[in-house]
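Multiple structures follow.
In the two complexes that follow, subunit A is the common piece, with subunit B as its partner first and subunit C second.
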Partner chain A sequence: MAEDDPLEPTGIDAGSGRATDHDQYLSVDDVPDIAPTAELSWRTRIIESIPAKRRALKYVVAITIAVLWIVPFIGLFMASIRPLSEIIGGWWHLEGMTVTFENYYRAWNYSTAPMGQALLNTFIVTIPAVLVVMLLGVMAAYPFARFEFPLKTTLFFLILLVMAAPPELIAMGNFNALREFGLFDTYMGLILIHIGWGLGWVVLFLRNYLLGIPEELEEAARIDGASRYQIFRTIILPLSTPALVSVAVIQFTWVWNAFFFPLVFMRSPELYLAPQVLPLMRGRVQVEWGLIAAGSIMTMAVPVLLFLFLERYYKRGMVAAVAD
Partner chain B sequence: MVAITLENVSKYFGETVANYQVNLQVTDGEFLVILGPSGCGKTTALRLIAGLEQPSEGAIYFDDDRVDGRSPSARNIAMVFQNYALYPHMTVAENIGYPLKVRGFSPDERDEKVEDVTSLLHIEDQVEKKPGALSGGQRQRVALARAIVREPTVFLLDEPLSNLDAKLRQEMRSELKRLQNELEITTVYVTHNQEEAMSMSDRVAVMNQGTVQQVAPPQELYDRPRTAWVAQFIGSPPMNLFQGTRRNGSIDLGEAGTVDLSGVLEAKEAVVETSERDDVQSTALLASDTQGTVSLGIRPENLTLASTPPPSGNVIEGRVDTVEPMGEYILVNVSVNDQIVNAKVSDRTVSRGDRVYLTFDTNDAYVYDTNGDLVA
Partner chain C sequence: MSLQDHIDGITVDRDEGGLLDIDREKAVALAVFLVPGLTLFGIFSVAPIVYSVFGSFFSWDTFTLESFVGLDNWIRSLTDQLIIHWPNMQELRYPMGALTHNLLWVVIHVPASTFLGLGLALLFADLKGRRFLRSMIFVGFTVPPIVIGLVLMFIYDPRAGLFNEVLRVLGQEQWVRNWTQSPQVAIYALIAGGIWVHTGFSMLLYSSALSAIDPSLLESAKVDGAGAWRRFRDIIWPLVRPVTAVVVIMGIIWVMRMFDIVYAAGGAAGGPNHAYSVLGIEVYRAAFRPPIDYGMAMVVALVQLFIVAPLALYIARMN
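Take a look at the complex of A and B:
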């Protein structure tokens, strides 16, 4: 039977001898419920976890780069918690180190420009600039992602064009405009400027994200009887939470750290924002490195905390926006 | 519950003709299946009924109301999408309750109805889960539950079983049919799986290239395919079509033999006379001895194989190409005039290269003219 034509299987009788050979097969009961765990002694585990030479080399390089990257931050932090006399010679001398929060305390209440007030001012500008951009952004992005309307491509192109413009040039025009509207040296003016500049990338980012939400979901909702507004509120918004959180974090950092716009549009010292206040802390006789360092750390801390707090949301948003 | 009527409905997407002059009546409470190959416009037809697309031409009626132009929510339809389109951020209960919520039902009423349908579809245990945590079959049930929870008048399904494995598909098939019987909702069901179409439907609408080829109950579709295309589309494996020349009241199939046309005609006469079509012309066509090409169609299950030429009857001669044992039957592929002909037989008596004679009963033969229309 060995030379059977491959096109002709060997008929029914070929299997008759196999009726009894159960031992060839496993019973379902023999399949373990859980995969077996590898049982290793501590010794072997430790030996296995020590990387091979090439791997070790890669680790060394990576860690070195990471340290180089982080050194300035460490320096800043050290400078902020030590008295000026100790850091004059270099923050890296660790002998006889005294830890003090004096710098933070003084920066917070610094006479010409108290950091406490400046941080509060920055919140006053940043929070509306972020919330309004999110709201307007998603409302503008949705039609770009879903509807057909005249001049859609042209308008979208315009938005991209605005993003490409250099702020330093446009700021001249903004300056004049704010003067004319009487919004110069007001938070309202600064907030509007930030909204204008933020909206471009936010619309682009959210549109790309919304394009990735299956249209079928909205069709299902239409059939279920939902109105356009209900679809937006109960389907689109909840599904775009990750993207909205990403937008919030990035826009927050951007507005919070902005130096150029407040510098151009804010004149009254009592209205100064945190990044503006930092250079004022230099001191008269001697540069007060400790104060500047403490002020910088306080300013930086806010966006960093926000990043950490919202991390699990915006990571998903970024991946989705890039993937589509 | 309503009857649906499509009147000369066409749908164009730019230059693409998705549907062309579709005429279709779905009677109240009927289970109609739209069957056709991929890209033939089934989904488009369903979306037109749903109101997700508006027809480029023609009119759609629910009973006597013209509905084209109305929004989907104004038509009180329910639809199950191919990938179910469950809302990923809501739990199963919220998904099912969503149509009620947006239509303003009170939470108590909502809970009650959701409870009813979940027990009807045996998904009570899943209500707290998100769709992502469900198996394909469970998602399917949730989609069905969401569709029936608000008691729609029309139920539209777009290949809802295509993502399921064979066993589950079988199960859901009978469950869907049972559900439709119980609820008596007018249902339009789209599929490209003819087994599904045949087993579930009251009537099948066969579509090709955007237009309806034949609407008939499953058995009639199998017994009397209106065109050669439908004949070849229905049945597995499809019907064998032989090209032949009409000569003196018989069909000449070249080297393979000659089939007595009068026999075919006689056998069919009764059917021809009772059918609605005006068949005077085709009878004349067959009887006349003008020359012309026709196609002779015979289903694989109606062919009998013999190794010696039978004394009488219609015989087609060929050579065995391959033999495929399918378990239930044996499929023999016979090469006739360089064309492969399928025959279903029950015993294996032939092998590759054998000369065989295919015989058939004249009752089982179909004749199609050059346009592909059934003449006998």
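Take a look at the complex of A and C:
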């Protein structure tokens, strides 16, 4: 087949030379860009399916970089399933490898704060902190997107300021407040702090999303006599589901991964959260790599799996949250 | 009467009749929607910030407010060698103070992760399986930062660590060391780790900007004989430049909040003799480790806010 020359007329315009081969012309849209694959010889098909040299090189570089990027995590995983002596000898030596789940067993029952309990605690804190933020966030975002009300700009500015603030800035005030309320060193205290801290970005994020929903839908419902609450429940909530899933995934990851807040507000070992336990496993003389690795794998498994399953929502949310 | 007239009629009705009535209904609705969220936001986010601003001008008896001392806490904190260590800075010796370390993170980490992110986004842009490749780079960003810190400690371990093994294989034995515990180099080792994690985030932002570029634009430039560099400079760069501002500012915010990675590698002291401590670590130690100095913790946390607040407002203004 000849190279596709943009100057050479094709299809109907291709002139009599080619047209005489057929009884009927195809319409312009029906003319395929290339010959049907079946008409090409096997040789051509194989050659064409292999990318050109430059492109092949690009694949090699890209895949190499991507694999190198996760080597540290592969090392962590290898350390988690091997005995300490083999880890110290280097996890990359594969000969004579012993696979053991001893590290996971020991981490799960770790004496200071068992990982089993710590993971449970992390779920107990994370799940309400995510669900409440989603509900209160979308409720507060709705007026920001649709209504005019006094102090709107001031509130907006406050939310932005809080989003820029480091978590350390609210630790001192909340420490004193929680002790005052008797909520210090309780699940409830940490949950409330995560809700208060997460609401800022969630309201802003959902407001931006709601601004993109056409107002005519609500207008129509209003004419039919729906109240503001009915409109919110039957139109706004269902339409904002994709954004709410993004909020859920990102907020879940944030709360689950948080280290500073639990470190400050959870003091009893039986209430420790998983990220909080990991640095304690370091040991005094010889670093217990196997124990740390097993604990780390268990802790990171939840947000990583969540990311892999809901990758689309996670990425879209991440981009929208910072780009809007 | 047409439908449009009908609608107009209703709107006029609403506007003219019972203005007060509608206002009350609206006010109630506003309260129902806003109050629950804003109350929690106010109590647990805004109030503590106001409390810190207020408290930074007072002396503290551990956790109890005592008396007004003006700028005492501010002067004391900003001249503290833990925050800025002038003598060591002149000799380029660590520790140079937490604020200096934080700024060093900004100067090295932010440009590096931005360029790498852009490079990887361009590299992956038209490859098959790019979603999978991008996820491999990005996944580190979803891992708890405390785990990242521990992974870095593991990589830089003198015996079990892969990094030192690579040095040994390359015949650079004199460099083999416990990187996270060597005061003069540890901060660079940690910054490298920060870049490793954060590049995925920059790449993600750039990738979404690149995918918004019309491919036919690039195709026609190619046909016109524009080389890869020309296409980047004249077509791609002008379109992704606004994203760069976001990437850089988010990078600065991320770095200024650095806590978990440093804590994992160096504990609450921020490394041997505070060698790579950052502002977040200093706040934590001042506030929650004896001797407790609430005033200093508040000042240092406010310094963190002052550095990033104008940047966050800039992003908001940009849109």
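The rule is short, and it goes like this: the second predicted complex is superposed on the first by the 259 of 324 C-alpha atoms of A that agree within 3 Å, B and C clash if a C-alpha of one lies under 4 Å from a C-alpha of the other, contacts with A are read in each partner's own complex, and residues count from 1 in each chain.
Operating definition for what follows: contacts are C-beta pairs under 8 Å (C-beta built on N, C-alpha and C of every residue); 3 or more make two chains touch, one makes a residue touch a chain.
Being a predicted model, the structure only gives us computed values, none of them experimental.
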item: Partner chain(s) touched by A:57 [first = subunit B, second = subunit C, both, neither]; value: neither
item: Superposition-derived comparison: subunit B or subunit C, residues of subunit A touched; value: C
item: Subunit B versus subunit C as contact partner of A:188, first or second or both or neither; value: neither
item: Which of subunit B and subunit C A:238 touches, first, second, both or neither; value: first
item: Which of subunit B and subunit C A:257 touches, first, second, both or neither; value: second
item: Partner chain in contact with A:217 - subunit B first, subunit C second, else both or neither; value: first
item: Subunit B versus subunit C as contact partner of A:160, first or second or both or neither; value: second
item: Touched partner set for A:120, first subunit B, second subunit C, both or neither; value: neither
item: Residues of subunit A that lie at the interface with subunit B and also at the interface with subunit C; value: 223
item: Sites on subunit C touched by subunit A in the complex; value: 7, 10, 25-26, 29-30, 32-34, 36-38, 40-41, 43-52, 55, 63, 120, 123-124, 127, 131, 133, 135-140, 142-147, 149-155, 157, 159-160, 162, 165, 196, 201, 204-205, 208, 223, 243, 246, 250, 253, 256-257, 259-260, 263-264, 267, 279-280, 283-284, 287-288, 294, 297-298, 300-302, 304-305, 308-309, 311-313, 315-316, 319
item: Subunit A - residues contacting subunit C, complex; value: 6, 58-59, 61-63, 65-67, 69-73, 75-76, 79, 87-92, 136-137, 139-140, 142-143, 147, 149, 155, 158-177, 179, 192-193, 195-197, 199-200, 203, 223, 228-229, 232, 253, 256-257, 259-260, 263-264, 275, 278-279, 287, 289, 292-293, 296, 299-300, 303-304, 306-308, 311, 314-315, 318-319, 322-324
item: In the complex, subunit B residues that touch subunit A; value: 50-52, 71-73, 77-79, 81, 83, 85, 87-89, 98-99, 102-103, 146, 150, 322-323, 325, 348, 351-352
item: Subunit A - residues contacting subunit B, complex; value: 5, 7-9, 11, 214, 216-217, 219-227, 230, 234-235, 238-239
